[in-house]
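Look at the two complexes coming up: chain A is in both, with chain B in one and chain C in the other.
Right, the complex of A and B next:
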């Protein structure tokens, strides 16, 4: 009974948070609703990051590439063709004339993200550690340069404008929910469990015949698909996109959210994405002045970044594995059974806490670092 | 061990719960509603007529601050002078300012907040890429949407389609920037040029392309075309090639830091003392190397001289007022702010006091040599960014920039 309850909680926790943000956001002013929608979209990106980084333990700085590809594809093909042909006269003809619906653009973005990440992953997933991180960063750079300078496939260095704004609160919440469900479903597959085992001890995993490359590639592709999907939500939230918006700033902001929440669990990704997103939105508003009853508080310009930085440092000092300790929602509470191994056995296990693949009953990878009483 | 696990468990739960509570609290607090400053003064309480609210969504923190803030400060001074003399047919001009920090989502929500706060006109940042989320909100609500100093011709129908009829910039179009630099070189007898383009911004590429075209039409000859991207660490190699090109002048379309000082230093160090010429983007002089032998024979075009020697008494007075308030402008772009206010007021008066965006835009599009503090302003159905306005030419000699002359670019394509 308990394992089933744990599974329900593992999914219900993040989804509940989505509902809380959506409901609270809907009660706000129209201007503030935009901030709440942005929190949901950002959390979707963080979930996409988690699917690869959290499960593989490989830090990728390139996932925003897939967000960018999804955003530009969805934005371009839903913008008015007449304006496209005048403001982007150098576009390939099929890009200048093809028009798709907003829903189709979400599917297309997810597909493109998955295909692009699969192709990139064929090369990158053979690398590990710092090399893999640098290589993924190179993918980000290449994507940025191609999108900025190749004006046959997009607006180039200028802004892509007039994209339909369709990411409402409901669409944002449903989109984020879909990403969570996909991430949840994936982390309970055999492939993901094997990937987690390889994360804790790659040598032992390979010794047991686990193809680290293949399972990383699967995670990378699913992550890329979700990132592309999030990119489509992003462009339909803002109504415009330029390459600078899907580059280094967004990369580090979303990585910071994942780290603060707890990179080893879906709950950590969602809580980090939404928690920091909300704090960020609040501080941004506070720089313009926030009313607490009759008292108006205005933060000095630039304090948003300072406070966020300090907050992140403090959180990471107090909780190096993130505020959730890289545990799933209520995981410790629901899995407390005598003689049972630690949380690392479960899909939501800690990055540093070790793991085995015993959950699916097929294999077990002992990890010396996880020896516990 | 199990006790310590239990403690750990509680600790994690507390942390998670804490962040959850903080999340919900922050959402609730944020929903209390952001208030905005209105440096232009509070809405009129003495007159019966409602104020004209301009919602300014600009950057007061990030890289556009040096452009957005001086333009807004000068605009507020202009507005306060208009208010002091009775306002616009008795209506005061009030700025409601939002700091978008160049965060796209915030830029959009700030613009929505400005509209919700009753703004009849939207005022946006001086970079079209950063400003687009706000511009689209203005266009969606059919508001006259003004940028004081966007320097591309995209602020209008060319980027925003038919809805862009409501969007205008009081900056100069790159076609004008290129043309005036071509005229400067020809006028001084510099008949050959090396053109160096920084690919960082479309604006730089546009200015250098327009310069090259106009320069050739005027009888000049471009010896070589070079390029780099600010921050790509190739600037000294490019400077070396430029220094040895043998051209009478080097035309450089870039921004000030971090690469411009390195470029100038490299060119001079290689023994090339010929003129280095650039557009408004290199205005200010603050970036120049301190060695007077290096910081010499450097020329640029701008809206106004910020070195105390502008030929216009109006501009000198405005600059003095800004200096007295501790808001000394860094570049001549500050005059685009009051020019935009003057343009808005002219349009409102011509519309009989109407604030209808479509009506105001239709009037503004017909502006032909409308007199403003920045000089005559003209728009057309093609150009919603100013073309043909006279420029100030600044020359830097031994590290001391000074006004040289006023130069008009002439009709485009001439």
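Right, the complex of A and C next:
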């Protein structure tokens, strides 16, 4: 009973938070509603980051590349073709003439993010530790440069404008909910369980027959797909996009959210995304001036990132595993007491397992006939 | 008939540091073979090279077929299991979860020699501490779980790196009793040990390694010339 309850809580906690933000946001002023939508979209990006970073333990600085690809693809192909042909005359012909619906653009962005991350992952997933981090950062840099300077595939250094604004509060909440459900479902797969084992000890995992490369690649691809999807939500929220908006600042902010929430759990990713998203929205407003009663406070430009950075450092010092301790929602109360098995021991089956070693029809610990004792 | 494992002029380097200069040895089916030698002799590097965990030159042949280019996970599925130095248990997972991961590399269609019941009989602590976090066990208990986990893949060859390291004399005796049982069911053992005398007595064939080279080969478990072993051990 308790494992099932734990499973329900693990999904219900993050989804409840999405509902709370959406409902509370809807009750606010139009300007504040925009902030609430932004919080939902940002949390979707953080969930995408979590799928790879949280489960593999490999820090990637390149996931925003997939957000960028999703955002530009969705934005470009939903913007009016007439505008594209006049403002971007150098575009490839099929990009200049193809028009898709907003819903199709979300699917396309997810697909492109997944394909791009799969191709990048074929090379990157063989690396670990600092090398992996630096290599993923290189992907971000390359993507940024290609999108900024190759004007056959997009607006180049200029802003892509006139993108239909369709990410409403409902769409933002549903989009974030989809990302959470996908991340939840993935973390209960056999592949993810084995990846989590490899996170703890890659050497031992390989020695037991676990292909660390393959399971990392799966996580990287799913993460890329979700990031692309989030990119489409992002561009349809803003109505325009430039490469600078999907580059270093967004990378830093979303990683800070993941760290602060707790990179090792879905609950941590969502709570960090939402919590710091609210702080981030407040700080962005404060840079333009906010009123506390009769007092006007205006933060210097750039203070938003500084404060987020300080918050991240403080949390890393006080709670290295984030404010949730990298535990799932209510995990502390619903875990079986003796021999609680942390990270990889998600409910729903044995590690090797779960869906499991039993995937091939055998038992979790098979008992073939003994020939000798 | 091909030996189960043959290392042919194996060489392992880490950058400019040569860890293993040249190692040639054989392990036959069901046989226990050990590599003894001082720290830095190249024993662990040899095991890692067999497992495909480090790059090497020369050749590693499993049942006569080269394993060149194969990664550790592939070797595991070919019937090679390894208990690395330091046990490498998944510390935050339960003993049972650690053990269930050991079954991943079991080969379909192969007549099993080792199953959970056999392993539980061999290591009673498994039943006792199944739900306990592996990291909370004592060193000796962790070593037992590490060996049990490797055995659950039902390997043909188990590579053991210093299984007695850091254990009490009683626990060391227990480890060698376990090794005897493992050999008894026909699993070949390639053992790396610093307790040279004990290991040589236990194994059918022993190689004394020093400075990355084999200095002496001892067969039959009897040391006819102890002085020769000492000199080989210290590379004289």
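Operating definition for what follows: the second predicted complex is superposed on the first by the 313 of 373 C-alpha atoms of A that agree within 3 Å, B and C clash if a C-alpha of one lies under 4 Å from a C-alpha of the other, contacts with A are read in each partner's own complex, and residues count from 1 in each chain.
Note that in this section a contact is a pair of C-beta atoms (placed from the backbone, for glycine too) under 8 Å apart; a residue touches a chain by one contact, two chains touch by 3 or more.
What you are looking at is a predicted structure, and each value in this text was computed from that prediction instead of being measured.
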| item | value |
| --- | --- |
| Contacts of A:295 with chain B and chain C, given as first, second, both or neither | neither |
| Which of chain B and chain C A:317 touches, first, second, both or neither | neither |
| Which of chain B and chain C A:304 touches, first, second, both or neither | first |
| Partner chain(s) touched by A:82 [first = chain B, second = chain C, both, neither] | first |
| Chain B versus chain C as contact partner of A:200, first or second or both or neither | second |
| Comparing the two partners chain B and chain C, which touches a greater set of residues in chain A | B |
| Contacts on chain A seen with chain B and repeated with chain C across the two complexes | 336, 372-373 |
| Of chain A, residues touching chain B in the complex | 17, 20-21, 24-25, 27-32, 34-36, 38, 80, 82-83, 86-87, 149, 156-159, 161-162, 165, 237-240, 242, 244-245, 267, 271, 274-275, 278-279, 281-282, 284-292, 296, 298, 301-302, 304, 318-319, 323-325, 327, 329-330, 332-333, 336, 372-373 |
| In the complex, chain C residues that touch chain A | 51, 53, 71-73, 76-77, 81-82, 84, 88-97, 99-106, 108, 111-118, 121, 129-133, 136, 149-150, 152-154, 184-186 |
| Chain C partner contacts - residues on chain A that touch it in the complex | 194, 197, 200-201, 203-213, 336, 338-345, 350-353, 356-357, 360, 362, 364-373 |
| Contact footprint of chain A on chain B as seen in their complex | 1, 5, 8-9, 11-13, 15-16, 18-20, 22-24, 26-37, 60-61, 98-99, 101, 103-106, 108-110, 112-113, 116, 128-129, 132-133, 135-136, 154, 158-161, 163, 199, 201-202, 205 |
